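I've put the structures underneath this note.
Next come two complexes built around chain A: one with chain B, the other with chain C.
Entry: the complex of A and B
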């Protein structure tokens, strides 16, 4: 069996799972639906492994295959195949997506148990995995756009999963609208590519592009900037990031899978996939890198002050994706993809731990109300610390190696790219501080009432009275679209525990596959994809990498120490700092006023134009046209109607007079 | 014999019918006047046919007769229906189709 056949199977299993659960949701028992969903993704993962093995059996130079099942669209010289492209990059993404998805499905199997929409959840989740796999396996830009739009829809459906919550449906719409802006960018980029190169197929585009375009020609720069619009909207980079924190309204496994591990990294994948084009447009690549840098710093500062647990982690996700975008934009392709993988591990884990804690808090997400979970939930706490260490790039953990590889590359490339190293380390300091701010506030200390109850009774806290939405305090509709009265926490559910255990191991040890000077598994595997790229040929020396790792280690430890000092040793200092740095704090708490700025610059003008169009254009032009036509018809009708007076004899007279007139006319003209 | 006489007769007949339709109010008479006009047409057709020397005009006259017969059937049927309903047999009063 060839690699492409396995890759088709990778696509098939989640699709079948989604269809089975989606169509059989009335008949399937809940647990069976969850098992089908999980098994489908596990099978896809197995098929992904098989693809990998069959690819590894080949010569490194020959590890790229295009395969198509049938024509997707064939009109007027345009021939688009329903085709996939299998190469180390897509297989790498397939493995990350299916691997993490399998674990998150397993986690959801326990976490969503009391939810009224359990089967719907798994149908959506499988559909999401299918779309994401379509996105990464697509063999041309058209299928890429299809997958791109599908994940956008899946994200929308899952953010608004609890559809009786106003906040959730609004967040879903926001995510959808911003993602569609990105879709438009991507589509326009594909149009431009087709206009210039006459094809949508990846292999042909990347082969032709260097011969057709001159470096930094305006067309290729425009193509790359449009691709970036798509990438930034999907990957929540400035200024298209505002949907991601709001997307935390969805169930926690969704945040973990879609809004941390997989979908939001699609932009990074896109840049890596089209790196040939970006190398022809260095200006666009530099813009991307600087946007990534700005995102990683700004999101880091916001994460420092967020009191909502999931939103804080969401900002951290943005920040980490900023690192990846910097990486793949400056040429550290393998390093960027490596960080994508490790980030998927530790961020999924952090969200799972957060979900477990939020469940124990009865859906309360405010960290001000949490403390002392170390004793109440030992397993979750350990998992959270593992994820936190990896995120803070603690020496030896996965994040440590992946983040520093990007920064070391920037240093090795030299010139102005040293900025990325310096500010990247600043971002790393922020990362360590905000990560351990969360951990130090939640885990140690005196147990909060909910945690105490868990210690005393072994039960999860249930609020009295009708269920309320903790975000707004509104009463919730408990029949449909409701998280369920029972809350499932990792401590009491083995699937959740298993999923978190595996991820905790990967978060700690996942970096060991790529230790400078020791091994280079990911880099060597992905090498053929960047063949012929001058940027990918730059390698920092082992010495430089170890120096970088040393600096990274020091910064991580300092960051954790700062967090320890602020939140454990001197718990009164944060409040003091808050008072002293009031303007800065206000800026961060209000998320740098991005929502307000977008509201002011785009939403309000759009609304104003809409209102103007409604008042003037609609009222006078459109209505005028319509009523005018009607009035004209009616007016001319009333003139002609006089003839229809009902006197048969007058009709006869008209008839005869008319014929007589005609006859006279012909006689005279002859 | 000159064709002019036939055409003059036909025109007179036609004019009589047309004037009759315009000035008379009884549907019965209007129907008769219609017949008059049709037969004026027939006369002209046959006269021209003889002049040209083939039978096409005569065949057409036969068709006109068939149409006239059909028209009489419908027209008389209408008149009988009007009469049975005890409506005035006066076309000026039958003006429900006013626009």
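Entry: the complex of A and C
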């Protein structure tokens, strides 16, 4: 069986899973639906492994294959096939996506158990995995856009999963519309590529592009900038990021899978996939890198002050993706993909741990109200610390190796790219502080009432009275099933525990596949993808990498120490700092006012135009034209009115009569 | 074959006048189904390799005036005929499941309307086209006026219908004058003919083309309707009975767009090139204005109505890109739009029955007890906003790609309509299915009666999404011929252009 056949199977299983659960939503018992969903993704993972093995059996230069099912829309010179492209990069993405997804399905199997929408949840989740796989396996730009949009749709459906919550539906709409803006960017890029190269196929585009475009020619720059619009919208980079924090309205496994581990990294994948084009447009690549850097820092500062647990982690996701974007934009392709993988492990884990804690808090997400979970939930706490250490790039963890590889590359490339190393380390400091701020607020200390209840009774806290929306305080519409009658924490649910256990191991040890001077598993595997790229040929020396790792280790430890000082040793300092640096704090708490700016610049004007069109233009111009004419005609006397009223009816009758007459004439003459 | 297709609905309608009230709905549905069967048979026998007319019927009708009774199908109309048959089946069945006043007359008029619509798609004689085009108005005039509903917040059904008729009638009369003028001027004192193919061969002077072009354009743009000529639409849509609106919105607008392809492009090629940008400006205005209106409306019918204006704007833009890909996309999009807007109005009808209102603000939360309805609606909504993966996306992709190659600025402005469509389609979906359920509304699953109307239409959407090539492949030849007739040898065919690019590339390769 060839690699492409396995790859088609990778796509097939999640799709079948989604359709089966979707169609069987009335007959399937809930747990069976969950099992089908989880099994479908596990099978896709197995097929992914098979693809990998089949690819490894070949010569490294020959490891790229295209395959298509049927002509999808191929006329008038546009040749669009339902085709996939299998190479180390897509297989790498397939393995990360299916691997992490399998674990998250497993987690959801326990976590969502009491939710009324259980089956719907798994149907959507399977559909999401299918879309994501389509995105990474697509063999041409049109199918890429299809996968791209499907992913956006799945994300929308899952964000507004509890669809009677106004906040959830609003957040879903925001995510969807911003993602459509990204789709449009991609579509325009595809048009421009077709205009210049006459094809949408990856292999042809990447082969022709270096011969057709001059470096930094406006067309190739425009293509890359348009691709970036798509990439930034999906990967929540400035200024298209505002949907991601709001997306935390969805169930926590969704935040873990879609809004941390997989979907939001699609932009990184896209830049890596089209690196041939970006190398022809260095200006666009630099813009991408600087946007990544800005996102990395700004999101880090916001994460410092967020009190909502999930939103804080969401900003951290933005910040980490900033690192990846910097990596793949400056040429550290393998390093960027490596960080994508390790981030998927530790961020999924962090969200899972957060979900477990939020369940114990009966859906309260405010970290100010949490403390002392170390005693109440030992397993979850350990998992959270593992994820936190990796995120903070603590020496030896996965994040430690992957983040530093990007920064060491920037240093090795030299010139102005050293900025990325320096500011990247600043971001690393922020990361360590905000990560351990969360951990130190939640885990040590005197148990909060909910944690105490868990310690005393072994039962998860249930609030009295109707459930409330944690964001607005409104009474929830309990019909939708949320919050389910039971909350599930990892300590009491083996699937959750298993998923978190595996991820905790990967978060700690996953970096060992790529230790400078020791091994280079991912770099070597991805090597053929960047063949011929001058940027990929730059390698920092092992010594430089170890120097970088030394700096990184110091920064990580300092960051954790600062957090310890602020939140454990001198817990009164944060408030003091807040008072001293009020303008800065206000800026961070208000998320640098991006929402307000977009609202002011785009949403309000659009609605105002709509209202104007509705109230003024439609009434006075469009309608006025007719009414005016009618009035004039009416005014000229009753004779006209009679004619006018009778006219239409007579015309209709006349027409029928005339038609009948002509038909008769026809019948008679023939 | 075409003869039986064309007259079957009318025959059923006439017989139905003498049937008992109870049976009439089913009899009419049977008529629509038989017509659908014939339309499918025609598609099966259709030769996609040929660009010329097939299954032609051509008899001299009024020899003295050169009017022929001539029908034919080619790539331009074969799927529109099928669309008509499909939507009429759905619309008639939907009406048959519900009580109608004076059912014999109602279904008679429905079927007359089907014959008239099929006639305007099939006619290959200019005067025959004009006659069928006008005949379409008559049944709808009565259907809207008599079975429509008076509104508290708007004009009465009669007034709304009158407004619609005045608008379209002006267009129709202009078109009648233009058709006669075309034949007379083209004959140049010689043999008078109304055959479109014959007229195309004779050709028309550039000066005459100029004004005749606008006469036809006016009729077609009113029908769509296009921006500034849509004044009749809001009132008529609010007054119209919903089963009628299913076919009206799904098919009639397309007759206008189709008219451009069948009549205007072949007969007035010089004027088409000359006024390309003017029409594109109108199309763009329709896209933007329709979208903006759609996302501020609160009446669910009007959201669908204004979204149609935007969609027809896209279709017009595709045709006037004057490239094969744009026009291919336009035809695909005509079918797509029919297939989404018809179920949309069925869903609107179903929702109105459950909530007792058409105001989006007073709706919501329907998805809870109606997951099937919600799922079907979700598919329709996603297709409406041309979600990539739907055939609508491929349609818009072709249209915009054509426009992009020809007029890059227009394409970049038009594409903003895509973002707005995401907003209004989702707003409609969320506003009805999600959020809180208002008091007095009942969330109820659809029964099998609505299911048998909705599900096949949704299946059509899904099927086309998987294989839009079905349509593209069969329309390609005719479209290419029509477009080449306008642009002549000047603009290279898309395929040729690619080969040229590939050639350039090879030169560059060897040059290095």
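Assume the second predicted complex is superposed on the first by the 617 of 670 C-alpha atoms of A that agree within 3 Å, B and C clash if a C-alpha of one lies under 4 Å from a C-alpha of the other, contacts with A are read in each partner's own complex, and residues count from 1 in each chain.
Going forward, a contact is a pair of C-beta atoms (placed from the backbone, for glycine too) under 8 Å apart; a residue touches a chain by one contact, two chains touch by 3 or more.
As the structure is a computational prediction, the values presented were derived from the model and not from experiment.
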| item | value |
| --- | --- |
| More chain A residues in contact [chain B versus chain C] | C |
| Partner chain(s) touched by A:142 [first = chain B, second = chain C, both, neither] | second |
| Contacts of A:184 with chain B and chain C, given as first, second, both or neither | second |
| Touching partner for A:607 - first (chain B), second (chain C), both, neither | second |
| First (chain B), second (chain C), both or neither touched by A:150 | second |
| Partner chain in contact with A:70 - chain B first, chain C second, else both or neither | second |
| Footprint overlap on chain A, comparing chain B with chain C | 648, 652, 656 |
| Residues of chain C defined as touching chain A within the complex | 59, 61-63, 69, 131, 134-135, 137-138, 141-142, 162-163, 165-167, 169, 228, 230-232, 234, 289, 292-293, 295-297, 323-325, 328, 365, 367-368, 371, 375, 382, 385, 387-389, 393-394, 397-398, 400-401, 404-405, 411-412, 415-416, 418-420, 422-423, 426-427, 430, 433-437, 467-469, 472-473, 475-476, 479-480, 493-498, 501-502, 504-505, 508-509, 512 |
| Touching residues on chain B, where the partner in the complex is chain A | 18, 21-23, 25, 30, 91-92, 94-99 |
| Interfacial residue positions of chain A with respect to chain B in the complex | 641-649, 652-653, 656 |
| Interface residues, chain A side, partner chain C - complex | 22, 25, 70-78, 80, 120, 142, 145-146, 148-150, 153, 156, 160, 163-164, 166, 169, 172-173, 176-177, 180-181, 183-184, 187-188, 191-192, 194-199, 208, 211-212, 477, 479-480, 606-607, 609-611, 613-614, 618, 622-623, 625-626, 630, 648, 651-652, 655-656, 659, 662, 665-666, 669-670 |
